[in-house]
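I am attaching a structure below and will ask some questions about it afterwards.
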Amino acid sequence: MAARKPLRTDICWSTEKTITIKGLDLCQDVMGKVSLGDMAFLELTDRLPNERESRVFNALAVILVEHGMTPSAIVTRMTLSGAPEAMQAAVAAGLSGLGSVFVGSMENAARILQEAIPDPSSPGDIQALADRIVDDHAKRTIPGIGHHIHKPQDPRAPRLFEIAAENGYDGPYVALMKAVADTATARLGKNLPVNATGAIAAVASELGIPWKVVRGIGVMSRAIGLVAHVLEELRNPMARDIKAMVEEQATAHLR
Amino acid sequence: MAARKPLRTDICWSTEKTITIKGLDLCQDVMGKVSLGDMAFLELTDRLPNERESRVFNALAVILVEHGMTPSAIVTRMTLSGAPEAMQAAVAAGLSGLGSVFVGSMENAARILQEAIPDPSSPGDIQALADRIVDDHAKRTIPGIGHHIHKPQDPRAPRLFEIAAENGYDGPYVALMKAVADTATARLGKNLPVNATGAIAAVASELGIPWKVVRGIGVMSRAIGLVAHVLEELRNPMARDIKAMVEEQATAHLR
Amino acid sequence: MAARKPLRTDICWSTEKTITIKGLDLCQDVMGKVSLGDMAFLELTDRLPNERESRVFNALAVILVEHGMTPSAIVTRMTLSGAPEAMQAAVAAGLSGLGSVFVGSMENAARILQEAIPDPSSPGDIQALADRIVDDHAKRTIPGIGHHIHKPQDPRAPRLFEIAAENGYDGPYVALMKAVADTATARLGKNLPVNATGAIAAVASELGIPWKVVRGIGVMSRAIGLVAHVLEELRNPMARDIKAMVEEQATAHLR
Amino acid sequence: MAARKPLRTDICWSTEKTITIKGLDLCQDVMGKVSLGDMAFLELTDRLPNERESRVFNALAVILVEHGMTPSAIVTRMTLSGAPEAMQAAVAAGLSGLGSVFVGSMENAARILQEAIPDPSSPGDIQALADRIVDDHAKRTIPGIGHHIHKPQDPRAPRLFEIAAENGYDGPYVALMKAVADTATARLGKNLPVNATGAIAAVASELGIPWKVVRGIGVMSRAIGLVAHVLEELRNPMARDIKAMVEEQATAHLR
């Protein structure tokens, strides 16, 4: 058996009297001083945000909490209807669909931006980078631009860019994301503005959040929203009616 | 086929130009103004917290984000090692174990408190209620008191009570939880102070959060922490070593 | 740190040249000789079934594979639509709702039967046991009897009892389940025949399957069915239409 | 709102008196006549297997049921320890890791084979196809060959090929999989025999199972095995000890 290197975590450890998270004492340094959103920033970046980072990160995170009767919300409600004693599994089931189609595109957009600009202190020629990105996606959808519902523009994108700019986070990643949208719009001859996904990817990149964990912001925020759907489903259930409606319609041709 | 009442949600709805969440316009009223923790409060109670509620709720929620190498964190890491392309499923798997043994006891404690005091404006005789609760659990563990690791006392409980008191949230539920601990300690002749579970249950009850969704605070907060474990596992993996160690030890008697 | 007893599993172990499952060599003893259903019996009972047990167990297990557009099937489809690269998570999400409401009642019925008759070789007075079970559920639903769709009777129950009887598995658990249904029907004055849940619980008990794992037969069998829904959803998707239909209807009052 | 095509499923539908699955009446045509494994074949291919197909498919499926203390088994046990009331969620969590690293490679191997030979009745030049596949993977691992534990060869692969051959299922996909292994071994100068993954992919292709659902055979079979781990964990738990061992070792450098 080959020697194994010892297991190692640096996130958190506890003693009888203390719990230490990323170097901070939970009771003394965190509780009463750090908000839930700032704690999330700490978990993603290994440090607490300053005030401006906190405003921008929280603005970004709240976008992802709730989007109404999404597939995830329906999944959570249907799962709860079968296992009301296990609401954690209902939320978990709802999160399981946050893959390539929805939050995954946020990750892809962040990856494109961070790979194009590995060091934001020397971003290079933004328009040249945008051209290359649009070229690279000749036959594929570019993540972060266009929207099938919100027209002419996803209202969350300009608002997030505005908040980022007010706090000094309108750097090269935001510029590149906008340049990609403008370039694609010009070349393809249709309106493809930056959508919420693209704005979040750009602003998360400004905040130094690695693209590999950008999807995680969606996962953690949506967990909050799915708990609200648990609560509403407990009070005013719709899962059985959805099931009946779907079954009735989907098997009508057999009856 | 019986007539069905129409499906109905009041959490969130969208148009081409707006997203409305519990009556607030996401872009105008929430982004840049409401933190992630306060958004969670909104999702759980249908209204934004005032400043004091926000301080107390955030202090409560951050407790539940991270507790190191918990079974949930191990589950998230093991799942990620098999499906690194689906980090949402790794977080979901980690959340699935937040059942009766861990966060469920928080729900149970909140239920006991809220059923004992349905109307906190007229709580009745706290000591009599505490006696009855201890009686009712003659042969069962009382949720919310005692701790197998933190001795003599879970440090999070007094700290949360302190923050709650500073902000005016040391009402009847907190009093009852403490009375239950004191009564059980006196009767059973062993030290059974309020633990983090009990303190959270009591303070959540003070904040008006229904017991049916108290477990949800644990679920949403832990989702944040599990994303941090995803990130660390991507950077410095331990899942394969855990698997090898467990397999080696568990099958040693067969070799 | 207290001494820990070593981890130990006796299910399966591997060497460079062999894989041994419950004492059988996978390549020599299982592959080509043992069917998937009989392998499931082995996993649940630590031994291979004889021919009669195999017929009865497989008849029981196939009942649970597929029931059309159940909440679980809808969950699997909705989850797949967001994360088509992770079909395992879509099946997992679908299984997560197999809780107290659906397959849990099968477990409860099996528990009642097995607790009433701990030793099937001396079952005691079946009618007295049935009376006591009905008494014990004065204000609660008795699991395993009645059905809200199949009328006058769930057709799976008599068929499973028939197959069990043909193979000699119509012992005391089947007798007790039927006596419970008859007693409840007589006392409550409405038709409450044994349903599929009750028949499965009784026949699983005849086969010596512990009640704690009866739910597991539902979980494993339904996993098979959910893969079929993955396949159909890939070929002819309905998830987006379900989402649109639900959202449209559930937010109509807000528009 | 655009017109939607009606939802449609052809898997299963029920009336008060019947349940019909892929055209078969559950009570009359399936129960007592079709085994669990053959039912799985029906769900994957829309028809019942003949006797030879049944032998081969069941031999293939049983391979995937159980592989001891896998990451999935550990996940199921850890999840159960926190939520013993929700074994379905414990199995679901275990399945969630069956992604690209483990069962995904089976899917990839099947995809390569089925894309190389779209029509098995005219497979073309097998060696030319094998050469092209090895070329295409110049810098990437070829799925289905080599094994890090079983040496010199995964014993399941030759056994499955043997059973397939005995029943007439050693057609072009098996030939191609073997040719890929031989070609890679010759070119790379190291022993890279077909492993279980590759053999399963090839034999599933012979049986006409679409590559998109080959991963599903792993998911359904492993669900069976994970129920056995639930049962053993209930009887002789190891989850808490694993947690203690991992936490102790992973935080030792902080103490």
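Chains: A, B, C and D, in written order; residue numbering restarts at 1 for each.
One rule holds in what follows: a contact is a pair of C-beta atoms (placed from the backbone, for glycine too) under 8 Å apart; a residue touches a chain by one contact, two chains touch by 3 or more.
Owing to the predicted nature of the structure, the values given are computational and were not obtained by experimental measurement.
J.: Would you mind checking the shortest number of contact hops between chain B and chain D?
T.: Minimum number of steps from chain B to chain D: 1.
J.: Using the touch definition from the top, list the chains contacting both chain B and chain C.
T.: Touching chain B as well as chain C, we find A, D.
J.: Please work out which of A-D and A-C is bridged by more C-beta pairs in contact, and write that pair.
T.: The comparison resolves to A-C.
J.: Give a one-word verdict, same or different, on whether chain A and chain B use largely identical residue numbers at their interface, taking over half shared as same.
T.: same
J.: Please tell me the distance, in whole Å, between the geometric centres of chain A and chain B computed from their C-alpha atoms.
T.: It comes to 22 Å between the two C-alpha centres.
J.: Measuring centre to centre with CA averages, how many angstrom lie between chain A and chain D?
T.: 32
J.: Could you give the separation in Å between the centres of chain A and chain C, each centre being the mean of its C-alpha atoms?
T.: About 37 Å separates the centre of chain A from that of chain C.
J.: Going by the contact rule already set, what residues in chain B reach two or more other chains?
T.: Within chain B, the residues that touch at least two other chains are 7-10, 13, 68-69, 83, 85-86, 88-89, 92-93, 96-99, 238, 242, 245-246, 250-251.
J.: Which residues, counting only chain B, touch chain A once they are in their complex?
T.: 1, 4-5, 7-14, 16-19, 21, 26-28, 30-32, 34-40, 43-44, 54-55, 58-59, 61-63, 65-69, 86-89, 91-93, 95-99, 103, 149-151, 155-156, 159-160, 162-163, 166, 210, 212-213, 215-221, 223-225, 227-232, 234, 236, 238, 241-242, 244-245, 248
J.: With touch defined as at the start, can you tell me which chain B residues reach chain D in the complex?
T.: Touching chain D from chain B are residues 68-72, 74-75, 78-86, 89-90, 92-94, 96-102, 104, 238-239, 242-243, 245-247, 250-251.
J.: If you look only at chain B, which of its residues touch chain C in the complex?
T.: For this pair, the touching residues of chain B are 6-10, 13, 15, 20, 83, 85-86, 88-89, 92-93, 96, 246, 249-255.
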